[in-house]
Amino acid sequence: MPASTVGFEAKMDHASLLKKVIEAIKDLLGDCTWDCTNTGMSLQSMDSSHVALVNVMMKSEGFARYKCERNLNMGISLASMAKVLKCAGQEDNVIIKTDGDSSTVTFVFGNDDGDRTAEFELKLMNIDVEHLGIPETDYDCIIKMPSGEFKRLCGDLSQFGDSVAISCTKGEVRFEAQGDIGTGHIRLSKKGSADKPDEEISIELEQPVSLTFALKYLNNFAKATPLSATVRLCMSNNHPLCVEYPMPEVGHIRYYLAPKIEEEAD
Amino acid sequence: MPASTVGFEAKMDHASLLKKVIEAIKDLLGDCTWDCTNTGMSLQSMDSSHVALVNVMMKSEGFARYKCERNLNMGISLASMAKVLKCAGQEDNVIIKTDGDSSTVTFVFGNDDGDRTAEFELKLMNIDVEHLGIPETDYDCIIKMPSGEFKRLCGDLSQFGDSVAISCTKGEVRFEAQGDIGTGHIRLSKKGSADKPDEEISIELEQPVSLTFALKYLNNFAKATPLSATVRLCMSNNHPLCVEYPMPEVGHIRYYLAPKIEEEAD
Amino acid sequence: MPASTVGFEAKMDHASLLKKVIEAIKDLLGDCTWDCTNTGMSLQSMDSSHVALVNVMMKSEGFARYKCERNLNMGISLASMAKVLKCAGQEDNVIIKTDGDSSTVTFVFGNDDGDRTAEFELKLMNIDVEHLGIPETDYDCIIKMPSGEFKRLCGDLSQFGDSVAISCTKGEVRFEAQGDIGTGHIRLSKKGSADKPDEEISIELEQPVSLTFALKYLNNFAKATPLSATVRLCMSNNHPLCVEYPMPEVGHIRYYLAPKIEEEAD
């Protein structure tokens, strides 16, 4: 069976990075398919309720070693992958490998000591892949802010309502939620990056936007917070929001979510 | 509507203090009424089972800014107020404001940076106020001890029984609980305040007391521990216990609880 | 009643040690009997499902003070004993005492300050004692490893299956589990003790062994991890495994578990 020589093998110096990627998407997606090509490992999938879209890109340059002899799809349970990654030590590196025809993928954790290796084989699955194109859009408004701030305000406003109205003008962005007990408003002003670049709040504005989103999804997206100090919210009126967590030198996670109609901007 | 100019506005430098006050009372009280006058904000209410009485006093001098143009009652859900205060940052200050005729109260959190403001409006409620006088009493015995010690011993003894018998003589105070698995006794001796005033244990005794209380309530009172390094237990035979947590320069929280009859002191 | 002068009294400088002992066994055993003699306090009991055997030895030399005037059996609920030990302060010492004819045992916690003493009396129970001899065995293989590593690998492999196959050769020991989602293998190599003796992995091998055990029990044994930096696994083909946590200068906890038949080594 000469095909079995066709293989995929990739090594990451920090298994913890892969662990954070999986933690950021496993609650939204159930089983999913990783596309492995010689440019990298990527994933694109609707969440299980078919409302949000998740896109992960880990470029081949982001790996310590990367070999992909033939394009392949790895159908995998993210819950199982999360179990495997729980077994990685804090300092461990990870090798991911599979043959083109194999029904399993292997994760090998190790570190410089070499006294301990842990190897886990997961069964691969056949998953129907619906390939979803994401049209490139010129956004009306791009907000960059600390990812921790975004996580915090989504959590805070969730106490007041199910939806958040985001409205952005040149100098500030406002988030508002309302419900039975009252209303909450959070206002962030532009803020320079002088000494603390990770605390920068920047707003690139073509035209003012005002859109409403389900907080349940935004809270889920915020699980990517440990991956990145900053987050970018890209918005256009009547278009899906894109929430991007960049992974410097590696790639990104992007989440897409359509605005709520009843609150749609004029 | 000229009445709307009548207003209440108070600023506290540390929203975290107000948060601790609410955490200390919200499980005992449900909805309650804050009395705002030009001497301060206060609250007096029976717990929802009508067994314990809670009294909170925050004096106007304890605020960074305080303006109350007309006495008013703010009926509010403490659960909702706790949700709002969860949204305060560690370093945030808080402004509480309402118009005399308004149906809402507004909490504004901010800090020196000024790049972020968060504003929350809660609906006010009409609550039947039963005004309860607390007769001033000369107590037979006043014990001052570290609040953490009181919390710990109530928690420890709760493992052995539902009630604690407190008996105090000139030199020491004893706490005893008993139940199916056995008995527990904790004895604290007087202790000077020489180098560590917060660890002082002092006993002012007019006459020995011996009283029994339900631990369930004492454990609830101990939720005020983060507010104050020390607690005062004021007791007289056949009278309610007063557990006081002083908030230096601000005011106090006092809890009152009647002793259990079957174990009443002679 | 002159018999009441016959007594048992033992003082330990660190109540925290006794607490860790109880935490290590209370979930496996329910009520049990401590045997007190002039050589020490010990306990031997099957777990409540009658699968594993637990043996605890605390030698009289391990106590700060130890007096046992007559052999006695203390039947006690470990759950109650754990409740008592929760009441010990971090720095407290503990005195355990009972009369030969008493129906209670008393635990007294104190510390150098002496301002606080806490005393707890537990009711003793009559428990049918089945005395189980543990035959001395010459083991084919004794593995010494960091106790934290053993705890971690049992926990990790529990995600993959209910059983772990342990196989040991001269240079390394392998742990393997498999189940529905895939398989996990962890391999540890021998490792010197040069600078970090607690990280040593040593293997004494008379002949290779390969045995399978229920992870549920091993995870329970690993609750003794806080007691000891190292653990010893003593194995012979077709014999029960002995997992020993030494308590230096005090004694040990040993757990015994029969291998699973279906996977029995040849």
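So that you can tell them apart, the chains are marked A, B and C in the order they are listed, and the count of residues begins at 1 in each.
The rule is simple: contacts are C-beta pairs under 8 Å (C-beta built on N, C-alpha and C of every residue); 3 or more make two chains touch, one makes a residue touch a chain.
Values in this document were obtained by computation on a predicted structure and should not be read as measured data.
Where the sister copies chain A and chain C meet, the same residue numbers recur on both sides for under half of the interface positions. Note: Cα superposition of chain B onto chain C, rotation of 120 degrees, nearest 5. Centre-to-centre separation of chain A and chain C, using mean CA positions: 45 Å. Of all residues in chain B, none touches two or more other chains. The part of chain B that touches chain A in the complex is made up of residues 77, 80, 83-84, 86-87, 104, 113-123.
Contact residues on chain B toward chain C in their complex (touch as defined above): 149, 153, 156, 159-160, 181-189, 191, 201.
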